[in-house]
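Mind having a look at this structure? Questions to follow.
By written order: A, B, C and D. Residues from 1 in each chain.
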Amino acid sequence: MKSKQAGSSIKRGLAAVAAVFTLMAGTAIAADPIKVGSFLSVTGPAAFLGDPEQKTLELYVEKINAAGGVLGRKLELVAYDSGGNAEKARTFVKRLIEQDKVDVIVGGSTTGETMAVVPLVEAAQVPFISLAGAVVIVEPVKKWVFKTPHTDRMACEKIFIDMQSRKFSKIALISGPGGFDKSMRGQCLGVAKKYGIEVIADETYGGGDTDMTAQLTKIKNTAGVQAVLNAGFGQGPAIVTKNYRQIGVSMPLYQSHGVASKEFIKLAGPAAEGVRLPAAALLVADSLPQSDAQRSVVVSYKNEYESRFKSEVSTFGGHAYDGLYIVVEAMKKAGGTDKAKVRDAIEATHGFMGTAGVFNMSPTDHMGLDLSAFRMLEVKGGNWTLVK
Amino acid sequence: MSLLRVECLSKKFGGVNAIDDLSFDIPPGAVYSIIGPNGAGKTTLLNLLTGVYVPSAGSIVFDGHDLTGRAPYEYASHGVARTFQNLQVFFNMSALENVMVGRYMHERCGLASTLMRMPRLSRTERACREEAAELLRYVGLRDYLSVGADAMPYGALKRLEIARALATRPKLMLLDEPAAGLNPTEALELDDLIGRLTGRGVTVVLVEHNMRLVMGVSDNILVLDYGRKLAEGPALSVRNDPKVIEAYLGSDIARDGSYGKDIADVVSVAVEMHR
Amino acid sequence: MSAQFVQYLLTGLTVGAIYALVALGFSIIFNASHVINFAQGEFVMIGGMATVSLSAAGLPYLLAIPLAIVAAALVGLALEKFAVEPARGASVVTLIIITIGASIFLRGLAMVIWDKRFHALKPFTGDTPIPIGGATILPQSLWVLGVTLAIVLALTWFFGRTLLGKAMLATSHNRLAAQLVGINVRMVLFVSFGLSAALGAVAGILIAPITTTSYDVGVMLGLKGFAAAILGGLGSGVGAVVGGLVLGIAETMSAGYLSSAYKDAIAFVIILVVLFFLPSGLFGKRGGERV
Amino acid sequence: MQSRPILVGLASPRTGGMLALAGVIALLPLFLSNKYFYDIVVLVGLNAIVCVGLNLLIGYAGQISLGHAGFFGAGAYGSAILASRFGWPPIAAMLATTLAVALLAYLVGRPILRLKGHYLAMATLGMGIIVFMVITTEDAYTGGPDGIAVVPFSIGGYVLQGERVWYWVVGALLLLAVWLAQNLIDSPAGRALRALHSSEVGAEVVGINAAKHKVMVFVISAVFASVAGSLAAHYSGFITPGKATFLHSIELVTMVVFGGMASTFGAVVGAAVLTTLPQLLAVFEDYEMMVFGAVMMGTMIFLPRGVVPSIARLFQARSKQQIGDKESGA
């Protein structure tokens, strides 16, 4: 008796859900504005990426529309919060493609969610600019997938070059639990040899860990370590930095571009002094020489963002800026929103000056940045400074 | 020949001997009652005799099988069934289903044929349902066939447990205070029911405070005190045993007044006997 | 070698003390209601985040901290009043799902009221490491250990010496009997939520200067606190403290001597092994049901 | 109770519910206007398969598990690794994985199912977390936190691709899962499970080996989760450890309790509601989490038995009342 009732009430329930679906379907008729789809980790462990990215997209879509839009059409941003969950990202990308019928996608804060949706955008043939770091996104090249941040491999290389110049050859690695951390760890282990660097200690910490002194003590007691590299983002690196000073390790500490924001210095406090990391020029916008070609772009982005949101700019939001403008430029070049033409135009991006550096894409390079786009920074007096 | 042989059985709870070096035999076909003051270890003994507790020492041999230390379901599979003082009815099922659970051992089949719902299973299910209904009628619960156990009165639940125990087709049935909480009419009906059980060839072990019931139906009585055997024998001889009277009169009132009515019963019976 | 050991031990004790505070919160609510309050971690978060925002608003710690604790306690009371109380009589699993819902709600609320970023809290008394036997300890870790000790003592006094505390203890042993002797069981339930929320908040405030805090720190700390409470034996105060310390030390020792990647897994294996031999945890109530 | 006429038999709760579910699955495509909706429904179906199995464990046998995402993840990664890295035929990969997960569940279940209540919850939670940690750490095989790509499912050269094809596959499998679950529930073994839920001692003394039954249902529910995980991996074409987290375990339990414990169709409804809800709530943006939490709390406060049983009870009460009204009116 009970389950018969149950059966009929499911039917009702499903019918109601289906009705809602059809209603939602009905709203997607007008195709007049250019639709830019996005899915970002606005909440969850990667919120520090997704949050500034979303804000940047909103800010600049508004700005572009205020200036008359693109090709006489307004931009419409359709953004979903994936919470850093690859499954959710997949579903939202289906929604963007099938339901919202977006013209292009700029999003994907993390590598995991980016890679999860790659098969979808490839199948649906929608140009997609990822804002995530790992090199696997563009290597091997996927026809419809591009990315704007520097790769983790480049970060490793930049750091190793700096280490080389300081005559370090034996280092320790400590990395977090996230995809970014693991991927960067893998890349660093992969390219270390090329720079004559040997990783003699390799430790990890877990998500939500409150203390890393145990791992660092182990590193401290490993004979021969000359420098330590921490691949990670979020609160982990801040705790590592604090614990590092607490147990009195004197070797130089390198962080990754995953903490390239003022917030890191705030979180780690005085312990951050002397920490080096590779990052885009954005973090040192004001101290760039007037002659620097990048200066005008990064200074204006920094000012726009900080005056609007009253919070410090990060390189992550910059990646969204770069992605959005590469797409806009490509549409202008393609003279419309034809997906294949826009894709070709993105691939032909040349000499575009973004917050991350100069983009020169090609059929074999869907990122288009080189090592020169990275600057080595050091925390001095509670601020980022360029390492000369 | 005995159906159940208990030798030197002991059970300790943190240094206290709840059952202390107890030995007895139960012949088949009898009604064997276990009485004793509160805390004498009667329920502990039943728990030992059904595998709910593992004995600290001693052995339990049932129907020629040494079951010492075995799990309750193994006791059941050899033909030991029981009811509980604190009801262990399946309140999430109907009365009928409760009894059907009791048929479990005689009906179960392989996982694969269960999942695929083989036709054979439907047939045995139907037979099981009918037999369970028959048993409910047998214990006088014909009105409760499809009623949820959570909606049944206390007296009916006690009989439901008996029906469930019967469904296992036991050789030995242990009843833990079946009359507790019943009104006099229901208690009388119980008398009759126990009589019919032995008629079916089931040996009955009865733990009970209601002395009229015990004296009326028992072939043999075991009197426990502090986990030890105080007396054992036919109803008449136990009644007249001064040690038994002493135990009941001397200790129970002082120890615990909660079973006042039972004590009064015992006292009146004992005093009557002594005259 | 031994300096290394001391370092692991000090770290483990600090982390473990925090787990212990969270576990105590679990146990107090469990005793009053037999509910595992999965929103316990959110109290930790509220404590830390409220202190961050209050001190950012210019309040000194002496004001900000008590206010944050009161705020968390109020949230705990509200949780009891508006979510647990109306569901009285529901099954334990249902109540657990309600607290999971509450924890998602509170996290969402915190995200809207505050933000999604990590925040640092200044240590109470500087951050110059103090050397101990070749290892070092932060002054804040001493605060963590000291305050935890003080709380454990205070709770011992509360449950052993005060009427309300005894009433709460009595309720946990036998709810019906407690009701019969005139204890207001609903009041006990209410107070227990307030008390464990306050404990959670204290944990959150103590640890924030060491680890930073954000709207979702409660998830992991709540989980670890639950693990500690189970390890020690649900409902046992001693168990919660011992469970927390053992868990914390097990984690750092595994990270230090075995594998940092699997340190949490090792900690959970230890818990599973303990439960295999002691199915009610280290100090849990023994004995089965009576039949 | 006499044998019932065939017609009544057809309309029995079991058959009726199955027919209703089959009807919904058959008719739902009429409302699904694009692949996105199909995708959601496929995800609902996969979650529902897990929940139907989990409900056998939680709702019927009364044993909690906060680790089933571990089995789901193990199924997904087992299939993914065998099929994508070692080139096994997907069907063989899935079967081997399912067997391995069943064995894992058996080995884990035997010791931990002796635990009761919250202790069991903790033990299963710990087991799930250990599985998760292995998946994220052994990145040489699993791709680590970033996940790995999975080849499409194929049987004998026919490749299962596209949401619509998967819709029918998952729909059929869900029906199968419900059918198996219902068969189990309406059997001696099913009654044994419900019995030991209510009183373990009571069940033992009528000859039920409680430990064996608990392990059996634990293994069955793990197999359901593992198969759903394997399918999810092939369907998505890419998997990350996200689906193996303890948060997902809690999500699964929530679906079961939300829909209604000890109700197979409740499990399906719970999966449907909690899978679609985040999609509907996406419009709330920053407030999504709050609304989701509030919906969960509210539902459980006002429908403490879960959606389906509570509503069923409501209807029963009403129809009884109507009959009463008629009788008194006549």
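Just so we're on the same page, a contact is a pair of C-beta atoms (placed from the backbone, for glycine too) under 8 Å apart; a residue touches a chain by one contact, two chains touch by 3 or more.
Everything numeric here is computed off the predicted structure, so don't read it as measured data.
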| item | value |
| --- | --- |
| Topological distance between chain A and chain D, in contact steps | 1 |
| Of all other chains, the one whose Cα centre sits farthest from chain C | B |
| Pair of chains joined by the greatest number of C-beta pairs in contact | A-D |
| Centre distance in Å when chain A and chain C are each reduced to the mean of their C-alpha atoms | 35 |
| Whole-Å gap between the CA centroids of chain B and chain D | 41 |
| Distance from the mean Cα position of chain B to that of chain A, given in whole angstrom | 71 |
| Centroid distance [mean C-alpha coordinates] between chain C and chain B, Å | 47 |
| Residue numbers of chain D (touch at least two other chains) | 137, 201, 286, 288-289 |
| Multi-chain contact sites of chain C, meaning residues that touch two or more partners | 111, 219, 261, 264, 291 |
| Residues of chain B whose C-beta touches two or more other chains | 52, 84, 88 |
| Contact set on chain C toward chain A in their complex | 4, 7-8, 11-12, 14-15, 18, 111, 115-120, 122, 127, 129, 135-136, 138, 207, 210-212, 214, 216-217, 219-221, 251-253, 255-256, 260-261, 263-264 |
| Touching residues (chain side chain D, partner chain B) in the complex | 1, 3, 180, 183-184, 186-192, 194-195, 197-199, 201-210, 216, 262 |
| Complex contact set, residues of chain C against chain D | 30, 36, 38, 83, 86-87, 89-94, 97-98, 100-109, 111-112, 219, 223, 226-227, 230, 234, 261-262, 264-265, 268-269, 271-272, 275-276, 279-281, 284, 289, 291 |
| Contact footprint of chain D on chain A as seen in their complex | 1-11, 13-15, 17-22, 25, 42-43, 80-81, 85-88, 90-92, 94-95, 97-99, 110-113, 115-119, 134, 136, 177-179, 181-183, 186, 204 |
| Footprint of chain D on chain B - complex, ascending | 50-52, 71-73, 75-77, 80-82, 84, 88-93, 96-97, 100-105, 107-109, 111, 114-117, 121, 125-126, 128-130, 133, 145-146, 164-165, 167-168 |
